[in-house]
Amino acid sequence: MAKGLKNTLKSVGKAPGSLIYIGEITTPVTDVSISITEYDQHTIKSYQAKTVEECVTCKFSNFNSWINVDGVHNVEIIKTLGEQFGLHQLTLEDILNTEIRPKMEVFESYVLIIVKMLRYNTTTKEVEAEQVSLVLGDNYVLSFQENRDGDVFDGIRLRIANPHGRHRKSGPDYLLYSLLDAVVDHYFVVLERIGEKLEDLEEEITGSPSQDVLKSLYALKQELIFMRRSVWPLREIISSLDREESILIKKEIRKYIRDIYDHTIQVIDTTESFRDSTGSLLDLYLSSVSNRTNDVMKVLTMISTIFMPLTFIAGVYGMNFDNMPELKWRYGYFIILGLMAISIIIMLLWFRRKKWL
Amino acid sequence: MAKGLKNTLKSVGKAPGSLIYIGEITTPVTDVSISITEYDQHTIKSYQAKTVEECVTCKFSNFNSWINVDGVHNVEIIKTLGEQFGLHQLTLEDILNTEIRPKMEVFESYVLIIVKMLRYNTTTKEVEAEQVSLVLGDNYVLSFQENRDGDVFDGIRLRIANPHGRHRKSGPDYLLYSLLDAVVDHYFVVLERIGEKLEDLEEEITGSPSQDVLKSLYALKQELIFMRRSVWPLREIISSLDREESILIKKEIRKYIRDIYDHTIQVIDTTESFRDSTGSLLDLYLSSVSNRTNDVMKVLTMISTIFMPLTFIAGVYGMNFDNMPELKWRYGYFIILGLMAISIIIMLLWFRRKKWL
Amino acid sequence: MAKGLKNTLKSVGKAPGSLIYIGEITTPVTDVSISITEYDQHTIKSYQAKTVEECVTCKFSNFNSWINVDGVHNVEIIKTLGEQFGLHQLTLEDILNTEIRPKMEVFESYVLIIVKMLRYNTTTKEVEAEQVSLVLGDNYVLSFQENRDGDVFDGIRLRIANPHGRHRKSGPDYLLYSLLDAVVDHYFVVLERIGEKLEDLEEEITGSPSQDVLKSLYALKQELIFMRRSVWPLREIISSLDREESILIKKEIRKYIRDIYDHTIQVIDTTESFRDSTGSLLDLYLSSVSNRTNDVMKVLTMISTIFMPLTFIAGVYGMNFDNMPELKWRYGYFIILGLMAISIIIMLLWFRRKKWL
Amino acid sequence: MAKGLKNTLKSVGKAPGSLIYIGEITTPVTDVSISITEYDQHTIKSYQAKTVEECVTCKFSNFNSWINVDGVHNVEIIKTLGEQFGLHQLTLEDILNTEIRPKMEVFESYVLIIVKMLRYNTTTKEVEAEQVSLVLGDNYVLSFQENRDGDVFDGIRLRIANPHGRHRKSGPDYLLYSLLDAVVDHYFVVLERIGEKLEDLEEEITGSPSQDVLKSLYALKQELIFMRRSVWPLREIISSLDREESILIKKEIRKYIRDIYDHTIQVIDTTESFRDSTGSLLDLYLSSVSNRTNDVMKVLTMISTIFMPLTFIAGVYGMNFDNMPELKWRYGYFIILGLMAISIIIMLLWFRRKKWL
Amino acid sequence: MAKGLKNTLKSVGKAPGSLIYIGEITTPVTDVSISITEYDQHTIKSYQAKTVEECVTCKFSNFNSWINVDGVHNVEIIKTLGEQFGLHQLTLEDILNTEIRPKMEVFESYVLIIVKMLRYNTTTKEVEAEQVSLVLGDNYVLSFQENRDGDVFDGIRLRIANPHGRHRKSGPDYLLYSLLDAVVDHYFVVLERIGEKLEDLEEEITGSPSQDVLKSLYALKQELIFMRRSVWPLREIISSLDREESILIKKEIRKYIRDIYDHTIQVIDTTESFRDSTGSLLDLYLSSVSNRTNDVMKVLTMISTIFMPLTFIAGVYGMNFDNMPELKWRYGYFIILGLMAISIIIMLLWFRRKKWL
């Protein structure tokens, strides 16, 4: 989180619309790739753009096109693309800032949507968060990803390739919908992982928890806070997308948007339930610590209650007074041992009555 | 919960409207049964459909009909039915997904309502949750259940059979209302069971609670979270059903819908009260653990406070110095015993003054 | 609470509008009494109805009338009354269900209001809750009470009897207002009782609390939850009564309704303050338990810290080694006693410095 | 609080508009004083009214007048005033009830505002709460105070006396504004006192807190609850005063009302921050108690860990077996003493490693 | 906080619009400086005003001008400026009160915005809060700062100086936007500092926390409360600035205002996340204290459980009875030592089974 802020600080004191890449540069700048897919009902072309200028032809062609930019750290490329497609300076600034709160903004000739894409990398077995900026124009969709390898859009690529699929008969608004749907669908993957962790923790806590449980619970809470921050604004976005009067989104797409809306609500619902559950688990853990302290105390108290009086009695008959009649008794020692045994039994019965045993 | 998510994952990466059954398959696929009830004021026919195609005749008959599908895991059957009744692909996808958040959606020719049906199985003495999708058309109601044995609609079947009942004079909107009413009514059954458990816990906690109380309380909280997730969206559904301008729901039905609305609110109210109560019970339990720790500590401290000084005194007169005048005294031993007794009495009085005894 | 649910279950699976008494039958069915008060500016008649049919004459007379039914467990009587006054089946169902959430419903010819009447029985010194259903027609008010002895309306009976009172010049809407006002006024009685309990608890907790304090606090919380559930819906009722465009409620009555509204808000405010206070009291109690545990621990630690070293020293000189020079010293014993005394003094000073004494 | 309720109970069962003084009578009834200030741009007259009837002349004069009534326990006086100025029965009832929730009500010929006036009495060094009812007519303001000595309006009296002040050029709406402004301004005085207490508590808690800290914190919370209950309704009042379309409040006064609104919000903000802070302080205190318990436990454990083994060893060589070779060794005693010293050193090192020392 | 209140008290009892400086005077009154920047597309003039009267020329010039006043404690200067620019008395009162809640107010000829400027002083390494009042007129912006050295506007000064920058082509509304943007941008600096502290605390708490952690956490919470109080009202301001129909803010500026809005939301989001995190950290810390207490208890209990029985046995054979057969046994001593060793082993095994070791 603080890392995100640190990146944001790069733009402090700059003019609005100053184009500065706000994010971590993890790949060399040359490693920006632009892939273009042009399609209509009959034809489809997929290729890597060699120059940025190639892209602009899409804008004036009769095809629908999807221009996907992997890597937004190369300010020059973004700037050129922005000029060609008539994007506002503030839009470009937002695209370059990878720490933005998910949001939608409607401009005269395009709609900008920025979301967090969460992806479970099956190789590294880690969740990866990446910001995706989507720009919907009249016949194109631009998508900008931070340049990490891979995304959640492979299914969509396959479906566009299918000449009888819905994509080929629909416009870029349907493509935009598909991209958002893929993003939301993958939230369930992350939620499942969190749900599994939660179940593991539940099992551990109701069993014999180690102290690391607390740190895991804390980490889980932080993940849920992040999830929450990603998905609540997304809900607003999709809700206003449904209400939006833009001609860029056709009426028949609305039903699909409501479908994503349902899923978003479900993600939120689950996230909130998980938060509730972490709270309950913490309570459960804390109570079990209290209970264990109590148990330890009981052991200590029982040991002390039994042995302190006994040790005292032994101490008494260990005194060196000249005149201690009991010491002379023939069975004095055995009587005392007997008394000690009886006192132990009484103590044990008393503990039993107190339900300590 | 995580199980639900795991099922949902089956649809990740699929095209919207891809028909995939999302749920657990607990019965063989052939075990899908379709029962049809056709009725008007004078006639009634109840039968099992042998082929899916039979159902379509209902759509074009002059009767009201209720087509109940037990088992939604057979994708082919659902698809065929969907085509015959003109259901949208997204509707079919929702029907097949048994992990959906309760919702209502109004289409041009039908209204879709998805709810959770909770049922107390008197044989297994367990609460069973099942998703029910209801489709209201102009002269029919379709109901889709996950195929577990039985449902909460037997009372309705009886009332339709009654030739003088209201059902026979009313349209499918009244049937829809009856089905929802039955679902909501059975929420009270589950709430009662939870209420009884809560009372049992209350009794145990105010008595002498075992440590399992915490796990029971945790389980109860999880049940209430589930209840909450089922009934809050239901409230929205019924509230918008009342406001809905659809011609499919006649004006005289509105009063009945408001009646269910009242019941839904009552379920929510009770659920929230129960949540409040579990919170209070947890506080009560934790406090009682603290109090018991305190009591154990007091016993330990009293034992130590009494016997440590005594043992010390005995130790002193157990020392082997050559010159210890008291050891020679005739009544030295008895004087010391007397002093010990007095110190015990003083301690006990002091404990009494501190209210430890 | 669970009891209420159990009663509600009687109606599960029944047709809507099925007339079933949902409540506890504590009095024999014959013990239903109907008292009628007919009045206009000049005349007043008060009598017990012998047959249900008598009541219907009120509907068509020129008088205002107040028909009060004590006991709603006799389904036949309610049904007959309902038919005579043209009440909807759902209204009758609601009247018979004594576990309903307070609510208002506006029908074409009447307004139904259901509230909880709380009454402090000065004989049994207990608070009694009873459901009251009020039906306002054009020239009558019907009031249905669960048949427990007495109600909070005696003041109203006196005021109607007064020939110069406002009642005699006003219509049934003013009577309805008076009944609601009496109900709300008596909430202050219950709040006062709770407030007194709260003060007692506060006194006990800031003094030397017993462990029963927790159970009292828990019971108080449950009472506040009940209070809350009764009065929040009442606020909605009165608020919508003020906005309601019904011709049954004349404009000059609105000022009076706003007056009840003020009182309802005050009841809510006080209830919420009391809830806040119970929370604070619990915190206070828990902290005081922690503090007392701490104090007990300090006593134990001081005793141990003083006597353990002393007992050890005594133990050393109780050893039986042949060659222990100190034992032979003439003042060895007294030197050791002196050392012990000094060590005690040092310990005490150290405790004082640590503020344990 | 409960005291307030007890007073409110006096009106239970009375007819609406029954004039009963609800409050504590702390001064004799004759001790009601009515002071009148009549002023226009050129003239000003200030005098004590000898009879209630004197006041009515103000209503029909060409001057603006401020009639301030100190003491509302004399029902006759209030009733007569009410008749003369045409106040509604419900208004008079509200004025007599000194336990009312702050509120505003607009009548045809006047506006009623009831607020809580908080005043820091510099003599007794205590905060005093008093209810003030303000009635704004077309050329007069009535103010009713519970008869405690003094109020917060002295500054206003001085400003009216100033012939060049804004008051003299303005109508009674500006006077009403001034009175409300004075009331709100004095809330800051009380908040400051609470803020100082909070700082004192913070200092004590981060230092070495006594157990009384908890009671102080509890008392502070109760004060904040009271503050909250006074100021939240006030915010609503002032907000609706701003929106109010009454001709009694001229347009140029709106700016001033928004200024009070700002101050009210600031009071609320500060109150809520203080509530947050009391919560944090409680957490801080509880944690410090836990930490101290922990410290006490460590001392106990260290003492026990060091001396129990030593005492055991001493005990072993205090046994009286005939055949115990070590006892005969020449340096047996010194060897054992050495071993004991070494064991102490080892223990201390171990404690240091555990960071207990 | 209380300090702020104390300053606010200076105005209690004063007439509305009384001009009193409410703040701390940290610099001599003569230390008020007024810097003026006049610019249009072609020209720019920057100078220090020598007299207040100089400023008024700006109002009637054809340039845009930015008049920045450092230090608002000199009432005379503020008053003169207010008269010259036609500011309302209440506006001047607000400017002089440096403890105001951030707010916007629209007057006929100007818009007043008051915000908190937070600045990280890189020299003192401290965050400094300062109130800034902005007045937007048709061709000027007035900015009033409490006179602490420096502000966050240096970047803006540079950009105005740039003849090709947007400022030179835009009006004072763009300047106002830039000032607000700079203020909000610097909130990220403060948040980053808080985020770093939070990470440090997280590290310490999950490691081996000292008790000072609690005080740091408490201080952090107070900082977040302050942050919250500064930024929530700012959000309202910017949101209403966007909706505001004032001709002073041109339509093309709206897009920029929405950009600040996004940033404000992001600040709020982060603040709330940080609050969540402090709560989680407190829970984590408290749990770790409980766990450590538990560990200490275990050590104590193990020591006691091992040595109490041993000491008792030694005590038994230290008794001085004449007839104790074991004492005569040849290997009695060694048998007892053996028994002791075995009992230690059994205890250790038992601890291991209980997972205490």
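Miscellaneous remarks
So that you can tell them apart, the chains are marked A, B, C, D and E in the order they are listed, and the count of residues begins at 1 in each.
We adopt the following convention: a residue touches a chain if its C-beta (ideal position, glycine included) is under 8 Å from a C-beta of that chain, and two chains touch if they have at least 3 such contacts.
Here the structure is a predicted model, which is why all the values come from computation and not from measurement.
Note: centroid distance subunit B to subunit D, computed from Cα atoms, is 43 Å. Per-chain CA centroids place subunit A at a distance of 26 Å from subunit B.
Residue positions 286, 290, 293, 297, 300, 304, 308, 311, 315, 318-320, 324 of subunit D each touch two or more of the other chains. Taken pairwise by the contact criterion, the protein chains form one closed cycle in which every chain touches exactly two others.
Beginning the circuit at subunit A and passing next to subunit E, one meets the chains as A, E, D, C, B, using touch as defined.
Interface residues of subunit E, counted against subunit A in their complex, comprise 152, 154-155, 159, 165-166, 177-178, 181-182, 185-186, 188-189, 191-192, 195-196, 198-199, 206, 255-256, 258-259, 262, 265-266, 269-270, 273, 276-277, 280-281, 283-284, 286-288, 290-291, 293-294, 297-298, 300-301, 304-305, 308-309, 311-312, 315-316, 318-324, 355-356.
Per the touch definition, subunit E reaches subunit D in the complex via residues 1-2, 5-6, 8-9, 11-16, 88, 90, 93-94, 100-101, 103, 105, 208, 211, 214-215, 218, 221-222, 225, 229, 282, 285-286, 289-290, 292-293, 296-297, 299-300, 303-304, 307-308, 310-311, 314-315, 317-320, 324, 326-333, 336-337.
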